[in-house]
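Structures follow.
Okay, so chain A shows up in both of these, paired with chain B first and chain C after.
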Partner chain A sequence: MEIRVARNILSLNDSLANRVRAELERRDVVLLNLLASPGAGKTSLILALAKCLEGQLRIGVIEGDLASRVDADRVAAAGLPVIQINTEGGCHLEARQIADALPRLPLDALDLLIIENVGNLVCTASYDLGEDLRVVLASVPEGHDKPWKYPKIFLEPDAVVVTKTDLEPHVDYDAAAFEAAVRSVNRDVPILRVSVKTGEGLDSLASWLLARVR
Partner chain B sequence: MHEGAITENLVSLVLEQARAADARSVTRVVAVVGRLSGVVPEAMAFWFRELTRETPAEGAVLDVREIPGRARCLACGELYEVDDAPWPCPACGAGGPEIVEGRELFLESLEVD
Partner chain C sequence: MEIRVARNILSLNDSLANRVRAELERRDVVLLNLLASPGAGKTSLILALAKCLEGQLRIGVIEGDLASRVDADRVAAAGLPVIQINTEGGCHLEARQIADALPRLPLDALDLLIIENVGNLVCTASYDLGEDLRVVLASVPEGHDKPWKYPKIFLEPDAVVVTKTDLEPHVDYDAAAFEAAVRSVNRDVPILRVSVKTGEGLDSLASWLLARVR
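Now for the complex of A and B:
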């Protein structure tokens, strides 16, 4: 006997993601999913943004890592509410892990919840976590060709953020080539450039974010 | 890269459907995988064999139907096939097309006894 199904293989994840989205909408919290390769500067950027937006946005963080609490400890030391999820080898976060983390966060005292996804440009792209905003980071030392190697992750983010721009004079990185590579797969996505080290571009990114949370 | 996790989802869907149909065993599973979905069919087939062991779907044939990537140029409207990026429009050269096909990842059907 043949059974017609025609259902998305990730439909269970997607329905959990929709549940997360509905819960956070009810609690008036915007969820941001931050995607990047390992070492792109996700944690440092979160901390820098939190400082920029102090007094304007109340920010909480969900840290996704294969192992350790290193990132969560840094975020907690900055005084932000944080939940660490260890995936025990899993290469991405799934909506069920976010659903489990929500009751452990002070949602009524938050405006913005940032998920720092596992460092990975492949698997993380497939999983809806219930986010309202998806931002992809690409650091200067990774090179300008990433959008060609990982086009899928550049297809639908709300913004692409180039990090570590202060390193440009020291490495073979062509900013125009990076922009062209992004545009070859995504015509319209905003591309923002920041350096946590020098503070370049942080205000513009903070304003971009503020406009989407309020 | 994450075919293990994705195939786990596929196998749960298959077993859930088989249970709902009161089936004894699953003999065939048809999955549709787009070329731009990030899922490698060979890896999915490997995980499918592993993850269905000692379940009613053990030994079932996994038929993966691949769908090529197709894009629509946002500048001139041309429809064309895409695989590895970059994806310049063959008619006008513009980049950043709208992807209209190739990201599919779904369980189409199964055959059960």
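Now for the complex of A and C:
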């Protein structure tokens, strides 16, 4: 019975995700679902990309957290339209929450809507939010072995982005071992490397994104 | 109905957790449940503590991961008894898995059994594994705002351990802001700081642990 309940929830989520996708396609807005561990640098990367793409892409943000408005306040301070969703204990966002947020966003004034999902390498992987693009971040200080331990989230993203590359000299991190671990579950996904602090790789990531939105 | 199913699962977990606790009390083994984000340094800390406490505490380990034996292999290489549990996609360990692992461990030769839970700041908080001590790690590169965003896991641990303090000069991290965030949900929990790399704080943490096991 447990399994049947879980399947029903997922199938309801999938149908709502498809509705979100159709609505945003009609409004000509690309939806990006950003997944990562807590503290991998999701918010900082969104703000850095928004700055890189200023004048080229109009970006809005949906922030998912169990509690607080910490991230939404940072994003709003940068002048981007933002909705904060608090999951009140929930370990991932669901399509229903995105569907509810859409009417509160100025969709006609956006080209790209970025969802910052709850910091979680497990549960977020199972929920389609209606996104056109899924990007997984993995920060250098987390270590190079994460794809071995959390394989599912690396199976089908459109890109894997290694963040905080500026910390590489200060930690035991083997970039080739990380790449091999990603390749063990995903042969083709692009792996991009960025540091918001030094700016390394930001232009390449912005170009990658621009090519998929325009 | 969903809620009733969830409650039944939790109540079954609680009764198995109590059985684990009773069995380990009878065998005179203290059980520690170690919770953190992916890549916060759980395995490295276990190995560093085991070295600090060599000759004083006999330590065994249960490793929880979605997949792989990466962590168990590291622990076994250090000469500690270890069981690897793969959750096959599950976002947390449950008491049933600990109960199943106990007969495969040399309990008569152990003083302390450490569970390294799945890297997850959300789901792990809700499951009693029969532990006597619960410790939450939060690494410096994750940032100082995690208790605002993931409050539940900081509500009732026996200690909060800040790891990777050696990275503090290289990241934007405000130790006072982290402490204030912890205090917003938990007035009394001890906050200890360690760096496995430099050894800072390891002796204090080892003493704290020793006082609770002996």
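Basically, the second predicted complex is superposed on the first by the 205 of 214 C-alpha atoms of A that agree within 3 Å, B and C clash if a C-alpha of one lies under 4 Å from a C-alpha of the other, contacts with A are read in each partner's own complex, and residues count from 1 in each chain.
The definition used in the following text is that contacts are C-beta pairs under 8 Å (C-beta built on N, C-alpha and C of every residue); 3 or more make two chains touch, one makes a residue touch a chain.
Please read all numbers here as calculations on a predicted model, not as lab measurements.
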Requested in this report: Quick one: classify A:183 as touching chain B (first), chain C (second), both or neither.
Outcome: first
Query raised in the report: Of the two partner chains, chain B (first) and chain C (second), which one does A:192 touch, if any: first, second, both, or neither?
Result: neither
Report task. Could you say whether A:91 touches chain B, chain C, both of them, or neither, answering first, second, both or neither? Result -> both
Query raised in the report: With the two structures laid over each other on chain A, which partner does A:11 touch: chain B (first), chain C (second), both, or neither?
Result: first
Query raised in the report: Does the superposition put A:151 against chain B (first), chain C (second), both, or neither?
Result: both
Query raised in the report: Is A:166 contacted by the first partner chain B, the second partner chain C, both or neither?
Result: second
**Report entry** Partner chain(s) touched by A:118 [first = chain B, second = chain C, both, neither]
**Finding:** second
Query raised in the report: Between chain B (first) and chain C (second), which does A:76 come into contact with in this model arrangement: first, second, both, or neither?
Result: neither
Query raised in the report: So which positions on chain A get touched by both chain B and chain C?
Result: 1-2, 5, 9, 90-91, 120, 122-123, 148-149, 151-152
Query raised in the report: chain B touches which residues of chain A in the complex?
Result: 1-13, 90-92, 94, 120, 122-123, 125-126, 147-149, 151-152, 155, 180-181, 183-188
**Report entry** In the complex, chain B residues that touch chain A
**Finding:** 1-2, 5-6, 9-10, 12-13, 17-18, 21, 23, 31, 36-39, 74, 84-88, 94-97, 99, 103, 105-113
Requested in this report: Name, in rising order, each residue of chain C that touches chain A in their complex.
Outcome: 1-2, 5, 9, 37-39, 65-68, 70-71, 89-91, 118-123, 139, 141-143, 145-146, 148-152, 164, 166-167, 170-171
